[in-house]
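What follows is a pair of complexes built around subunit A, which joins subunit B in one and subunit C in the other.
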Partner chain A sequence: MGREKEKQNPSEKALNLLRTRLSNPNFIFKPLSDSPDSNYSKLKFIISSSVTEACNNSILLLGPRGSGKVAVLELVLGDLLQQYPEVISVIRLNGLLHSDDNCALKEIAQQLCVEHQLLFSKVASFDDNSQFMIAMLRECGLAHKTIIFVLNEFDYFAQGKQRLLYSLLDAMQSVTSQAVVIGVSCRLDVDQLLEKRVRSRFSHRKLLFLPPSKEDTERFMEHILSLPVDSSLPHNYTVEFNARLKKILSDERFKELINTYLSFNSTIGHLVRFLFQAVSYLDLDVGFLSLENFKTALSSMQRQPKLECIRDCSILELYLLVCMKRLEVKEQNSYNFNSVMTEYKSIHDSFQTSDYYARNVCLRAFEHLLQHQLISFADNRGHNQSVEFRPVKLLISLAELHQGLKSYRLCPMFYLDLIKIGFWILPLVQACKLHKIPAFDSFLVCYVNYYCCGASFLPLKMVKVAFSRQLS
Partner chain B sequence: MPAIADRNSSPFKEMVATRSGDIARFNGCCTPQKRSLRSNAAAAKESPVSTPMKLKSPRRRLNSNPNSPANGIKGDFNEKPMKKNWNPKDFEQMRAVKEALHVSTAPSTVVCRQYEQKRVLEFCKVCVAQEKAGSLYVCGCPGTGKSLSMEKVKQQVIEWATMEGLQSPEVLAMNCTSLANTSDIFSKILGKHQPKKKLTGSTSPSQHLQNLYSSKQSLSGSKMMLIIADELDYLITKDRAVLHDLFMLTTFPFSKCILLGIANSIDLADRFLPRLQSLNCKPMVVTFRAYSKDQILSILQERLSVLPYIVFQQQALELCARKVAAASGDMRKALCVCRSAAEIHEAELRECASNLSLTSVEGEFISQQTAPALEIFQSQENNTVRIDHMALALSKAFRSPIVDTIQSLPQHQQIILCSAVKFFRGGKKDTTVGELNKSYIDICKSSLIPPVGILEFLSILRVLNDQGLFKLGQSRDDKSKRVTLKVDEADISFALQGVRFFRNCLQ
Partner chain C sequence: MAKEEGLQVTRRTTRYSASNNAVEPTKPTEFYKPTLNDLGFRQQPLGFEDLLSCFPGRSTQVLELLRLLGPLNSPMFPVLVYGGPSTGKTSVTLQVFRHLNRPFVYSSCVTCYNPRILFESILNQLWFHRKNSGHSYSSVKRCERPSDFVNYLREASESVIDNLKGNSGKLSSKLSGQPNGTMVYLVFDNLERVRDWDKSSTILPFLFNLCDILKMPEVGLIFISSTSPDTYYLNIGYLEPIPLYFPDYTEDDLRQIFMANQVNRKLYTSFLDVVLRPFCRVTRRIDELSAAFSSLFKKYSEPLSDMEVAPNEDMKRRLFTHLRPHITTALNETFQVRSQPLLKAETNQETKKKNSSRMSGIREDFDKMDFHMSTSAKYLLISAFLASRNPATLDASLFDSTGVSDSRKRKRKASEKSMEQKKMAEQELLMKGPGTFPLERLLAIFQCITSLAEDSLDEEGSDELTIEGGSGGLMSDVLLQLSSLCNANFIIKGGSCPLEGSTRYRTAVSEDLALKVARSLKFPLSKYLYRR
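Right, the complex of A and B next:
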């Protein structure tokens, strides 16, 4: 038991270490900021040169959410506060809270008072606050202290009359004040939102925070997930852990997984969330990360609620969904319960299936589907009509239905065949429309109907070939 | 990360530092140095800020640059000394250049605005001499020197009045954005007239002023008041009463105010003060036109002439002036672009220096001694800011970040943008989320990329909406929200032309 405990402890410690790292924005953004070309260096250069040269500056940080704008800014400010301890004071405003001018000036006055240990009076008026701010700017200018204004959610400050922005930027035009205004926003066109007076006073420096390239991402993942060799963890455990990690990271399947994950959101914040999930799936008995952890994390992050709904449906409900899909494929876009029942009956007649349920059972299944929100009523008016006559529409797409059926535990294969029609028929019909072959169009619809109600399962390939021959 | 000043200090400076005693340049902390300069500037009020620099630099130039003693001597002989190229690694010079180009530095003479200034000055002189009230309206685009010129006129009027022996007028200069209430302007004017008197509650300040200006004996013998109201359009209210009353103040028989209003719109007087026309006292309008290329060039040269060395190549300045004049004629932008070009140049040199010092085998001191010598050999001509630096600075200032962002978007977001472009080609301007989803799925299918589900599709749309590429409307049902494309189709095609898939898709 002692050995088991020893074996568990390093993996627990490792897990805690990794999780702490992934929750600490400083640690995450430091490796990406090391090169002199990075946004960290550029931002630091601009702010420190404003501080040392006593000139005013303004800058915008732009980029999608989760790309590290505020994290890098905090890194820079932290470093500068250490470097010049008495010279910098930071005022932080947020557009979601302080977009109103009165509120913003009050907040500025309050933060200035706290910084310089003055008493703040809550009943000070707008005039008093603005005069206080201008006086403070002048005093700090004479004392060679720089005030850094950080405006988060900058686009909210650009609403309304933009008086706060104007007064801040105008104060920076005079020689007596020494301030830096840093705006952080995720809108790329935020300087088009500014009034032309404010835009003219704003120096057009923008720092763009773009998502990192593929190589940078790989290097970043390796850096973050490798355990440090000189920590309190046993040495051979750390070496083994890092070796296995390297093997996983260079595996093709892992690369594909990461590419799929990042193909719709490639910011660092998104990636870190995924890594956190994967690390949390670490099996404490094994003690090392494996590819399975990442796969489980991916599937848990890409949840599809509608698919889970489908998995909970009964066979009859699935049957009804398939019927509705076939009706849609046959270009019958508005259908109600009665037409679905007709289709149901026709399938039963043509394919001689074993299960045929009574109408009221089907109605119950239909109402279940309504409750699950897999289908819904197509109009908002007919509350007086009964459920059977109101038009309904499907709320899931063909792909989702197909995937749901495939992953259903007991789905009869026959349903899949029924559904397969949809995959290629619909584009074919659309292609017909595109090429304006009306005669063939109607022929195709008849053919489809015939096939659906007819007997033999013609292989799809033959029909495709016939169609393409017709087309050429 | 080493402090910025350390990079730029050379051993030669250390020699000079010991000579000019009280200036300490070590530890990257420059505050003592700044303090000495500021107090110098405060003491010498008439001369511009850059004069102390001028006195110190020629001496330092001779000491720090071993190749230049000849030049220094040559300068003594000519009338107009041939200007040397600057040394961008000299921290002091860099600072001086940036200060000369900063927007907040007021130049001693205002070039290119003499005509407009003369007009305003003449108007003020007439008013002061005849003790008559009058109003003037100054208009022009932002960055055309209006506030700056008014400052100069203010000083000139006071000087002229003292010289002529007349009573120099009181001046009230204010920015209308700092008023909490638009009618506070009247209480401010009243405060200037009667600083000690407290206002009784019954009459409003504007009413009080009107009474004051209507009776002869209340203000006889008092001075004229010059009111300079900046950003006048903040006073425009729904019933236009405040602006109207303000200009009407000058029409009273015993009024003593000379009103100079500054704003951006040319037709403010026509649109908001129609009743003044009937009283035949419309304000005189002085328009400050946007700067032309030559004007911008001459202003830049004037600013740089206070420095004793050449900083920019002539073609670089011309390129900047041409581009800014074509875009907006805004002087602030031109200054900003020039500063940013100087910084790019500095950054480039720093990188060269760091590469050189990395490649040297010996210790740091020795490399610092050999490196500057090597560079002086190689790049004596390259010290000025060239056209390519200026071009880079211009592209940074004028280009929108949209193209870069689109190129760095992840794949599915780019596909969604493409599908939106294709969809809106037909002439429709907006569509619903459901339709866009269908179009997106079609494109994915045609290239065998598995499309994302509806939930991720919605979250991608929200991300693109946050970034300002799409505009997502409001609706109860997610699928019927309206979507509009906010980026130009040409930008998207240009950004994605490098990828064959999108090229085929968008053609």
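Right, the complex of A and C next:
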């Protein structure tokens, strides 16, 4: 028993280590920042030069979510704080939290107070706080201290009157102040959101964060996933783990798998999330990563929620969906529960299905569909109407419904046929009517022609019924 | 099944009361001081085998959740647990924490119905604060804004984690039943409700980005939602949490679940053989099925004198023939489920939601309940129904002063065009629902039908109608009745018409209800109903 525990220990330790690494952005972005033309170096150069030369500056860091803007910035700030410990103070704001000007200024004042061991007054007004900020900027400028403002989710600050941005950038126009404003945003057009008076005070320096290249990705994965040799983990285990990892990484199948994943989620954040999931599938008894881990991670990431919802539906709910789709095919652009029920009834009348239930049971199924968000109310008006009368719309396409029905285990073929009737026959019958071909035989000729064009074939009897119903 | 459901309910309520910091009303003087232990499950940790056997059909989900949570003290990425209602999302999550015996904070967005209550509930739990009369049921900190919440949350979780770290140093921590590890997990249940809060413009992005904002690997986040991730479309984008899907139970899973805790397993198996398949065609939701099955099983075992007996083939057949008529009726009934709100998907407006769900409630209850309504109220209801259904232009011909006009709409020749028109009108009627009407029209119809009824009731010498044509007292009485009908939601007061300026009314009573009321008055309602 004791020996078993010993044996299991390294794999658990390794798993812990990998998980800690993956949730630590500093570790992830460190190796990507050593080259001279990386964003890290550029950013560090800009900030450190404005610190040493005692000037004002402003930069925008742009890039999709998860591309490591904040992480790189934090790395730079950490380095600079070590380098110039006395002359830098960092104020961090987040647009999600402090988009309100009042709240943001309060937060700035509070952080400044903490930084400089001052007493923060909670009751200070907006004007007090903004005066305090300007005074602090001047004082720090005189003492040759740089204040770095990090505005995360910069686009949120650009909403409304932009008073904060204006007062901040305006204060930086004076010679005495010494501050750097760093805006971080995932909106590439964020500088277009700025007002004229703000834009003219903003230096239009932008750093773009692009997804990593293929070589970088590979290097990066190896860096993250391989275990350090000089750790408390047993040496043999580490060596074997790394050897196996290398084999996986060079495997063609693995490369293909990573390419499929990166083709729709290309940022490092997404890649890290994927690796995390793969790592969490690591079998503790085996203790080594395998290709299977990555495969399962990929399959659990690529979800089709609407199809899952359709698979969760009961037959009656599917029936209602089919009815709605048929109504749509018939070009009835708005429908509600009542019109769905008439369609339901008419299908039942002509085909005699076994699934015919009372109205209130159908209403409940209808509400389930609403809950699953397979359908939704078409407008927000008429809250005081009861559900039956409010117009609804389908949130799934015909193809999705078709695929869902096909993959549904117990789905009667009949429903698929119903859709086909709706999709193929109804337009045909309309055409026949237009050209005045009321005979079934001639219709069938058209139908067979159509079938050759790729429509799927239906039982003849069903076609007949559908045809006669349409003409009547 | 019943037992298991019951068990789950109590579990949930214990969590619920813990999360709301309710005080036991019996002992108001002794305030319970929560400690670190309260962040754990406070019950005996569950073994792994027990955990799996607790949830038939959910073993993949349990295993995956365990994997995502990882070994002790390892950080995690945010997880979104999703799946339809009553698929065991919340209970699996909570029981997994019971199995792991790790500290967690549970808050449901149903009970915490606005951001402030949600924030304060989380902080109260982290700071071991319990509302009581000592400090007039106030929270530990007043916290409305996300920015304050982040600051407090950071502070609180740091203190909790320090606490946990201090404890894990001691060897006795295992013995005293304290939670393991130095991670704190925040569980947000019913996340789909957040979408309705102040148009969800800030709170939802905030919650999804909370992990990045906090930057504390010691805090794990788990979101539980009954709608799939694609319904959380935010235009600011976010790094999605790792999805964990709970599919609806399959038929086999349902059988396993219903078989759990049954006294006479053989009998119940034969019962399930009969009912499960047809019911699964209608709904696969366990709460609804269990409500239906509990009454059906009583019917099924009615002919049996001995509940312990194992049924043989012949008996099964007999029982089946006995049950068959009940199945068909039960299939066509909606089972009343108390816990699920009827219209979850309906958007915000709490009061409106209440209105409409009450409306359908009335409709369903009506068959059982006999109305105690005054005669004039019944007439008023009928006239409201008529006013809603009939076009106003037809009133004159329908309520001719000479009496009932049988000369209803003459059947016109069904020309192509009129057919088309008819179809359109039919569709419009289906779409529009009952029409609105001004008060004057309602009163006019009311007077017409009451005077008619008086004529026909004269020979019976009825005095139940205290209304005489057009006296002043009558009017105020009728208006009083009208307002009480409005309060009872039979008649809905709509917005005022911009042209006429008067309030318009609408009734949502179904035709069945109206016919029933008319029957009780012996009023020939169908004669007056205009049918297209």
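Keep this in mind: the second predicted complex is superposed on the first by the 302 of 472 C-alpha atoms of A that agree within 3 Å, B and C clash if a C-alpha of one lies under 4 Å from a C-alpha of the other, contacts with A are read in each partner's own complex, and residues count from 1 in each chain.
Here is the rule we go by: a residue touches a chain if its C-beta (ideal position, glycine included) is under 8 Å from a C-beta of that chain, and two chains touch if they have at least 3 such contacts.
The shown structure was predicted, so the numbers you read here are calculated from the model rather than taken from an experiment.
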Touched partner set for A:186, first subunit B, second subunit C, both or neither: both
Which of subunit B and subunit C A:370 touches, first, second, both or neither: second
Partner chain(s) touched by A:339 [first = subunit B, second = subunit C, both, neither]: second
Which of subunit B and subunit C A:305 touches, first, second, both or neither: both
Partner chain in contact with A:107 - subunit B first, subunit C second, else both or neither: second
Which of subunit B and subunit C A:56 touches, first, second, both or neither: first
Touching partner for A:391 - first (subunit B), second (subunit C), both, neither: second
First (subunit B), second (subunit C), both or neither touched by A:125: first
Residues on subunit A lying within both footprints (that of subunit B and that of subunit C): 64-65, 186, 305-306
Subunit A residues within the subunit C interface of the complex: 12, 15-16, 19-20, 22-24, 64-66, 70, 94, 96-99, 103, 107, 153, 155, 186, 269-270, 273, 276-277, 280-281, 284, 300-301, 303, 305-306, 308-309, 311-312, 314-316, 332, 334-336, 338-339, 342, 355, 357-358, 360-361, 363-365, 367-368, 370-373, 376-377, 380, 383-389, 391
Interfacial residue positions of subunit C with respect to subunit A in the complex: 64, 67-68, 70-71, 73-77, 83-85, 145-147, 150, 202, 205-206, 209, 212-213, 217, 226-231, 236-239, 242-243, 245, 247-248, 280-285, 288, 331-334, 342-347, 349, 352, 355-356, 359-360, 363-364, 427, 430-434, 492, 494, 506, 508
Residue ranges of subunit B touching subunit A (in the complex, touch as defined): 1, 3-5, 28-31, 34-35, 38, 49, 95, 98-99, 102-106, 141-143, 175, 177-178, 180, 184, 231, 234, 264, 330, 332-333, 336, 340, 343, 347, 351, 354, 396-398, 400-402, 404-405, 408-413, 441, 445, 451-456, 459-460, 463, 466-469, 486
Subunit A to subunit B touching residues, read off their complex: 36, 41, 44-45, 48-49, 52-56, 62, 64-65, 79, 83-84, 87, 125-127, 130, 142, 144, 161, 163, 166-167, 170, 172-175, 186-190, 196-197, 199-201, 203-206, 208, 210-211, 262-266, 302, 304-306, 397, 399-400, 427
